[in-house]
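Next come two complexes built around subunit A: one with subunit B, the other with subunit C.
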Partner chain A sequence: MAIINLKKGEVQAKIVYYGPGRGGKTTNLEYIYRKFHDRIKTEMVTIKTHGDRTLFFDFLPIEIGKIKGFDIRIQLYTVPGQVKYDATRRLVLRGVDGVVFVADSLAVRRKENILSLKNLADNLATYKKSLFDVPMVLQYNKRDLQEEGIPLLSLEALEKDLNTRLKAPSFEASALKGPNVVQTMKRIIVMTIDSLRRDLT
Partner chain B sequence: MTEDFKSQVESRLDDLFHEDEESMDSMDRFGGVGDHPLKGLKAILLSIEWEITDSSMESLINELKTLEDFYKDDKLILTFLRLLNSIARYIKVRRGKAHPNATSLLTSVYNGLERVSLSEGMSRKEKENILLQEVDKFKKLKEEVIRRKKEQEEEETKQSAAVALEEAAGRLTEEPTQPDLSSMTTQELVLYALEEIKEVIREEFGALRAEMKAWRESR
Partner chain C sequence: MHYVFDREHLTAIEDILERDLMDLGVHSVFLIDMAGNIVATKETGQGEHDIYSLAALAAGNFGAVSTMAKLIGEEEFSLLFHRGKKESIHFSKVTGDFLLITIFGKELSLGFLRLKVAEATEKMVAILGA
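For the complex of A and B:
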């Protein structure tokens, strides 16, 4: 749940990067942190486990600054993608204001993408929310691997599998190399802030 | 808050995250292995699941074998491939128990190999330096694996010694049940004493074995 303090003029929103394990959620945040560390002036917190996987979550706060008297703060989180950490995912989703679903474009990961989106829906349901209530952006990650001759899911297949009903904005991206990582983040921040604004009015 | 607020957020985000942005159009700038012989190896490395399976590691080892034949006359590349092979075999055997840095070393050695193979105009000396860095990392990992193994074994020894001590302590506390020696016949006393001596000898041998094992491992 966003923290909105009209008296103090503060808005704090929580955005969660969700998706299957090894899909690139942490890499998204790492890219943002690496590239813009000097500007956002905050530290990224990450807890990794055996094999370099996310154990609990990653956390990157971003200070947007004052806009029309409101101090805007965004908190970016990732969840651990592996199936066994469902309880942690559910906890991280508590009070979420916006979601980036990072899908893995590798052809072999098709089933994992679908299962992860379903898992997101199930976990949101525990907070009495649905995929359609929360601002969401889809990111089809690892598109750069196309050049390596690695079999990828087509954009059409990804849209059909994940976005037929959602109709959420989607970006093809490479979290490792950068294309559309920032665009994805900017889009979800704007959508989330806009959604909070509409809730208030 | 109004629509104007939204556009101001967009504008602030543009200010914060400008210039370094890259669009998908810029993707073709990124180098890649294209039709290079390393293409298959890179594809396998990228496709390896977090849950390391026998089949993915088998594919990796087979691909490395093919490349070792292909590069048999290039000692530098061959050394990279052999490093990868050793790490892959270690991960295959140890799987979930492999050292956490093993998979990242696999990626690091591959990246070194790709740089050496694809960088046009790189001098032999530079290539050797990259290889040496990876060899150093490999040696460090090997030392770390040996150290961890030793620590684990020492821990196990300590634990088994602690269990033996606890058992002995348990026996001692349980044995206020010491029989009334004064009521025993001479024969019963001898038998009881014999049992005690046997127990002491057993414990002494157990402690000696543990000590010898620890001594051997420390050499």
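For the complex of A and C:
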């Protein structure tokens, strides 16, 4: 549910990073925060457990400049990935305008990715939305671990498991080291703004 | 669903926030949506707040408390309020999609604030639609 403020000439939209626990959602936002520190006037907000896991959400507002005369302000959120926090995940999804699904490339996390995507579909359905009508980008995270000889899911396997029906844009990334983190964000912002424009015309 | 606010509606909302609440002596007031986006703000200018973070946290907090209410069989809790040593914060649902956040000091009683918030809410509902 974006807010379009014609008086200030500002658009606010909400993008949520979703995915299984320990998949790298918070690490994505931390990288963006470091990279664009000059554009982000506030501290990144995190509500985490004593064990440093996301409890409720992380929040990062970012101004991306003007599009068609409007100042675009994007609110980036993560959800807690742990299965038990489903109620808070659902709350964070309220009013979502775009989703980045951060999948874990570790071979042992295959099932968790599939279950998390299904959970996203279920939670979107509570807001009468579906995976197919919310702008979405898939990010296959932790690709850097290949160099360390850790077994990863192949790109083909990830696409088959998660993207066969969705056919969403997807990126191989390393949230820790940076490759394709910014590209993922840029892509979802463009898709979200395009979707808003379509809805409003 | 998206909300488009034109100059006329926003000016009307800001006038309500100014006359009904800021003139009363509250320090800050924000109208936000349940997703955590900001619709309108008024502040005294003393002690700047990080309003975007406040809005995100307020929407999350309100959502969490509403869910807790439902879990114990309540439709909703009628009062959501946090008292601090100097500043306090009051949450009030305006419509199903909007929330009014008021930050105020010790010089204002909670009862009086609630009364004025209820009046302001009624006027804003007429603008925002039920």
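Details
Keep this in mind: the second predicted complex is superposed on the first by the 195 of 201 C-alpha atoms of A that agree within 3 Å, B and C clash if a C-alpha of one lies under 4 Å from a C-alpha of the other, contacts with A are read in each partner's own complex, and residues count from 1 in each chain.
Here, a residue touches a chain if its C-beta (ideal position, glycine included) is under 8 Å from a C-beta of that chain, and two chains touch if they have at least 3 such contacts.
Every value quoted in this text rests on a predicted model; they were computed, and no experiment measured them.
Superposition note: with subunit A as the common reference, subunit B and subunit C can be accommodated side by side.
In the overlay built on the shared chain, the residue A:Lys118 is in contact with neither subunit B nor subunit C.
Contact with subunit B, but none with subunit C, is seen for A:Ile67 once the two complexes are overlaid on the shared chain.
Once the two structures are overlaid, the count of subunit A residues touched is higher for B than for its counterpart among subunit B and subunit C.
Applying the stated contact rule after C-alpha superposition, one finds that A:Glu43 touches subunit C and leaves subunit B untouched. Residue contacts after overlaying the shared chain place A:Leu106 against subunit B, while subunit C stays out of touching range. Of the two partner chains, neither subunit B nor subunit C is touched by A:Lys167. In the superposed model, A:Pro179 makes contact with subunit B only, not with subunit C. Using the contact criterion defined above for the overlaid structures, shared-chain residue A:Asp144 touches subunit B, although it does not reach subunit C.
Of all C-alpha pairs linking subunit B and subunit C after the chain A fit, the shortest spans 13 Å. According to the touch criterion, the shared surface of subunit A, contacted by subunit B in one complex and subunit C in the other, consists of residues 200. Those residues of subunit A lying in contact with subunit B across their complex are 21-22, 32, 35-36, 39-40, 49-53, 62, 64-65, 67-68, 70, 72, 82, 106, 108, 143-145, 147-150, 172-174, 177-180, 182-183, 185-186, 189-190, 193-194, 197, 200-201. Listed in rising order, the residues of subunit B touching subunit A in the complex are 1-2, 4-6, 8-10, 12-14, 16-17, 20-24, 26-28, 30, 32-35, 39, 42-43, 46-47, 49-50, 96, 100, 103-104.
Against subunit C, in their complex, subunit A makes its touches with residues 1-8, 12-14, 42-43, 45, 47, 56-57, 59, 61, 73, 75, 77, 87-88, 91-92, 94-96, 196, 199-200. Residue ranges on subunit C touching subunit A, taken from their complex, read 1-7, 10-11, 33-39, 50, 52-53, 56-57, 59-60, 63-64, 67, 97.
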